[in-house]
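Chain IDs A, B, C, D and E follow the sequence of writing; residue 1 opens each chain.
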Amino acid sequence: MADMERKREQILRISGVNPRKCMRCGKCTATCPSYDEMEYHPHEFVYMVETGEIEPLLKSESLYKCLSCMACVERCPRGVEPGKLVEAIRLVAVREKGGDRITANDIPALLDDEMPQQAIVTAFRKYQK
Amino acid sequence: MQAVTREILINKAAELLGNGTVDRVFGWKKGEFSYDVTPALFTTREAMDADFVFGDFCGANFSKYLVAETRKEGKVLVFLKPCDTYSFNQLLTEHRFDREKVYVVGIPCSGMLDTVKIKAVAEGIASVEDNGDRVTVHSLFDGDVTVSRNDMLPDRCKNCKSKKHVAYDELIGEDGEVIDSGRFDEVEKLEKMTPDERFAFWQNELSRCIRCNACRDVCPACTCEKCVFDNPDSGVENKAAANSFEEKMFHIIRAFHVAGRCTDCGECSRVCPQHIPLHLLNRKFIKDINEFYGDYQAGAEVGSRAPLVNYTADDPEPAEAVERSHHDA
Amino acid sequence: MSMKNIENNNETYRPLIVAFCCNWCSYAGADLAGNNRLAYPADVKIIRVPCSCRVNPTFILRAFQRGADGVIICGCHPGDCHYTSGNYYTRRRMSLMFSMLDYLGIERERTRVEWVSAAEGAKFAATMNDFCETVAKLGKNKRLEDLRCKQ
Amino acid sequence: MQRIGVFVCHCGTNIAGTVDVAAVSESLGKEQGVVFSTHYQYMCSQAGQDIIKNAIAEYKLTGIVVCSCSPRMHETTFRKTAAAAGINPYMVEIANIREQCSWVHKDTISGTEKAIILGKAAVAKVNLNAPLTPGETPVTKRALVIGGGIAGIQTALDIADAGFPVDIVEKKPTIGGKMAQLDKTFPTLDCAACILTPKMVDVAQNDKIRIFSYSEVTSVKGFVGNFDVTIKRKARYVKEDVCTGCGACTEKCPQKKVPNEFNLGMDNRRAIYIPFAQAVPKVATIDPDYCMMLKTGKCGVCSKVCTAGAIDYKAKDEYVEEKYGAIVVATGFNPISMDKFDEFAYSQSKDVITSLEFERLTNAAGPTQGKLLRPSDGEHPHTIVFVQCVGSRCDSCSEKGKEYCSKICCMYTAKHAMLTRDKYPDTDVYVFYIDVRTPGKNFDEFYRRAVEEYGVHYIKGMVGKVSPEGKKLMVQASDLIAGKQLHIEADLVVLAAAIEPDKSARPLATMLTASMDTNDFFTEAHPKLRPVESPTAGVFLSGACQGPKDIPETVSQAGAAAAKVIGLLCKDKLTGNPCVAHSDEMMCNGCSTCEKVCPYGAITYVDKEFRMPDRTTRVRRVAQVNEAVCQGCGCCTVACPSGAMDLKGFAGKQIMAEVDAICR
Amino acid sequence: MKVTYYPGCTLRTKAKDLDRYARECAAKLGIELCEPETWQCCGGAFTASNDEIATKLSSVRALKAARDADTPLLTVCSACHNVIKRTNIAMQDTDFAAKVNTYMAQDKDFTTPYNGETTVYHYLELLRDVVGFDKIREKVVNPLTGKKVAAYYGCLLLRPGKAMRFDDPENPTIMEDFIRALGAEPVIYPARNECCGGYVALEDGASAEKKSKKVTDSAVNHGADLIVTACPLCRYNLIKNGSKLPVVYFTELLAEALGVKEAE
């Protein structure tokens, strides 16, 4: 419990997001292009961080389905920035021991000839400690 | 050494009198001694040739004289040093005289000499010769003494705030720049003292006050029709200080009344017969104003809104301000 | 029971506090403190002014001259002035005035500006309690006192 | 030399319980100027007041000190008592020995001592009091209403009804405002034109009301009761008094491609036009931006067809100067621009419209004669999506929206949804909402009817993106209750755009010295107790210029503003607060320092000739206080370096006397 | 005009065209591109957390190099642009900058601390704000008349709008104006600012395919002949996921219009 509270604090701190500003309009979720791939949706991320339900979020595949396209951040009328919150939760998840989503060994299998470097470095940065 | 000579000024004045631009000329006239120069009015070239002087003792700020002088018919020529032009603008801001009745010739200034410092060098001064970096004092009792000119400058000239004229109709010589002077150093020194030391300092200084009113009478910001200290209805009427409180009261209220309006011309300290550093009171206000509300130079432009008749929603609170002005904390 | 007789007795020394209160907020705040019976020392004597901006620094010096030990000015909170901007001017004037008194070596704790609204009876009482205590600790005002006035 | 009476009140035991009232009375009896001193149980009672009156007569009192409760309680009472007994009410001072003494000090000794000191201070002040008479200024019995929408119309009618002349200044060619553009009105669904246009006609026919249409206020000077206003009458190139409104010119004008602002640009009008059939005044106006005659000097068709000879291509702007006693601001609102909300594709598709555009689309006098047709292809839309809160309720840091709730959108959206379903039952109507806010008489019932009787789909969620694909608008949205992302193929999307004050309000506020909030809504003098007055005396607020409002609220406020104006204009003279600043001209330096700090602009400067003590004459610049405008804050008195400026009733000498008495 | 040019890793390998044409067009337009001797990969993604310092250092070094050279910093790749511009904004926060500067003080050539002073331009911004589209129109020798070109912005250039300040994030016009300047006809389609799914392309091809298809389908529906982009990953994604339209870099289009492409 105390651990989750600490993580919640950490998420709020590093993201700079204040979930209390949310008025629950759902525009983020209306906007999200990865809605179908996600188990938890942007407004749920905001609400669950506010209520302290961090654990399910940290374990959720949804963290890796977010495209970081920032459309939710752009359109949120309240300036809540759900996309930044998702990033912060993902960071907290990958920083945990064994949290790396991707390792160098995984890469060759995922590559094709045309894949730009950009995709690889990005994956490392986003999914690895 | 001053960059302009008496002759240049007389020629300029004669030209302006001659072509009818002005009717009278404000200038300096020699007094009993070479160093006690007094302001005087001239109407002819002949009179100027006879009595007009210009040199290292022409410190008087003519701006204030214009309040009374412009009430007369005709136009008056006035020679203003850079620091005088700030007072000139401030008086215009306060509608104290009609700009149209004055013709301003801006003249450069390389600092005026401090008679107190000169007198400390030698006794029985006959004349003072300015050789640029050094001055030679010819005296009756100590002979000729040569000293650094800079050492003979009063504080206001040593820490000159500006060589730039902010008002003029015409300029003689080159215009200078606003100077980033160390004029608040003395104030800071006082701020760093303990309250007891400060109290002792001012007790010592202000207790010498003889309430001669010279500071008030010379101050270009003190142009009230009737001064509150002369007004029996003001509740603070006080012709002569009876005790240390009243000495303080006079100087605090005077400084407060000119706060935000004082251009820091330093005339108060120049004329004080008791050599009280009165400018340190005014400079404290100026320094605080700059620190609390942003830099402000009274008289820099006509019509500017003085800090005490202005505000912002996020000004510091008084307690915070006092704390901030404190460097010992 | 006059002040003069007891001023040298440390146990019973009470400071003399002059409080200028604006009619619309702080004076009403003082009334509210009264309505709620929130006690503060009788050392505080209130002078009603229409707005804190009516307080001339001369009044403050006058109070010290006549033997006040502390002077406090209370007005509406900045932004809430009944006259829209009066207290903003007060704030500047008093900042400069208090800084000057401090510069002259007069104890800065003897002067204060507080913003007290008509709803802040408790704040009024608390402010006065605190100010009285602070000034009492400083003791008598000696640095700005006209001895003639004390006879 | 004053003759002062001191009256110490026991207030039952409220004061007497802590303060030795007899000692106070006795002690104050010895003060300078005091000729009578007494104490009584309840000074404010009739008996107590009689004691005061009798003492005034018996001792020929000139001043009175009452030691009692707070002056905020009974100062007025005792002033009236004094006045009734023949002395000036401002010769009364109150020493507050209850709230600020007996109630806060437990100890009788210190409480009594303090009560005496407070009494002494009051006596010291009264010794220096002078009789004061409130200044009087005449009232110009004419009101100005700025804005000719329903708020301005109602205010003007109500003022005129009371018999006072009123002028309405309207910047558009006709009065009527936003309400004239509406179709039906909630919650009763009566047609806006049917209830508004009779009022417009009333205005036109009322001989107390003048309409300055196509006009703007350009300058306001003066103060309550005495405003001097300059009104610019823009050149309409048609003589208003000659034009019969026959409309021949508007049919013959060859310039047909002018976007019709009345229909929000959804159709075109001519360069000479009458905004709509029931316009008041019903006269034509030439739009100088489009008229070929005005632009190139070639055309003149309207002049040829006008049998009345009303066309005047040489017309110029004219300025009217008029005096008013009161001004009512009724500048109204506009929907905000949708430029920054292109996630809803407003600029990409004609079929994404605002609610006000929807009003025109359903209005019988609108571009489609009231048939709900898609602007893009004129086809009947079968699926309509309404989006609520577009630009309302945004974060304070938002660069595109407003922080406040626009208040009217929930209701008009329910109305639009309901009317659509009523007229076109084959239409699917979706409303995306964050909250449905319907506080108002019969409002929630109305919304529920839309859902329950008319089958409007209310979805708790928001639209994220509208993508025009082919003839359809692909709406991507959230349904928060079902936990779904929805993809709706819509034919029409209607945005409930936030409303904002009209752009003319800000410069007008500056002219009026009336304050505004950060959203440019006018600020009221008190949010609860003085909601229709601005803090500037004589300036009143009507309608949405003060905050978002629906029609019933606007009309109520309009009537309330009118009542306030009538209350003001009824008076022949205004009496002010006599405690005002005044300048001792002999001491005034003319430096303008006081003028700069005065929040009311009450100080002006004049050049005046003076005989000086040395018998010369001198012209001096001196301050003059307008006593009708001065509110008596006293800020100028401290700003004045010479002490020429003082405040009556709180003079420097009086306050210093109080200080002295307290510190004695 | 002289600018510090930051090509980024992908332009050195898979996106050589984007780089080559950018350089050739710049030369034609009188802009001198100075590539710093050493630059490091920006990392491809901006980590929006205020405790990540190491991941931002490479961008800060590039920004600082531009500041020290007293020139703006120019990027072409959308990802680099997003990372570097946002890093620059982050460096304008005093507290954050202090931490980063402390970190960088270990660099051997570290001199003055960096506080976000550099102006960061995307190549398109440079064309719009410095060169001017009118000037480009004048320099076009092969107008692309008749071509219907769909500009694909994706997410990186536009969002977050408050940081990027590139264009209206919901209704951008910069690429359309660019296309018009080259004589072609822009196609405005709603998916132009939707994400192609680039970041998940490595891991979740299916998701990326879905997003990319939406974009290309929308462009086709609105009658485009060609899609232009500024982002190598977008281009890869759109092509890989079966775009029916050719996808080219905007610099290639520019090179063609300016006549530097055929000169080879």
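Convention: a contact is a pair of C-beta atoms (placed from the backbone, for glycine too) under 8 Å apart; a residue touches a chain by one contact, two chains touch by 3 or more.
Note that the coordinates shown come from a computational prediction; the quantities given were computed from them, not determined experimentally.
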item	value
Number of steps on the shortest touching-chain route linking chain C and chain E	2
Each chain counted as touching chain B and chain E at once	D
Where chain C and chain D overlap in contact partners, by chain label	B
Contact-richer chain pair (by C-beta pairs counted) among A-E and A-D	A-E
Distance from chain E to chain D - Cα centre to Cα centre, in angstrom	51
Intercentroid distance (Cα basis), chain C paired with chain B, Å	36
Centroid distance [mean C-alpha coordinates] between chain C and chain A, Å	57
Sites on chain D at which at least two other chains make contact	343, 465, 597, 639, 652, 656
Multi-partner residues of chain E (at least 2 other chains)	170, 194
For chain C, residues contacting two or more additional chains	57-58, 62, 85, 89, 93
Pairs of chains found to touch, sorted by chain label	A-D, A-E, B-C, B-D, C-D, D-E
Residues of chain E defined as touching chain D within the complex	162, 168, 170-171, 188, 190-191, 194, 218, 221
Touching residues on chain D, where the partner in the complex is chain A	343, 389, 393-395, 397-398, 401, 434, 460-465, 476-480, 483, 485-486
Interfacial residue positions of chain D with respect to chain E in the complex	339-343, 345, 347-348, 399, 465-470, 474
In the complex, chain D residues that touch chain B	586-593, 596-597, 605, 618, 621, 639, 641-644, 652-653, 656
Chain A residues within the chain E interface of the complex	13-16, 33-34, 36-37, 64-65, 67-71, 73-74, 81, 83-84, 87-88, 91, 102, 107, 110-112, 114-123, 125-127
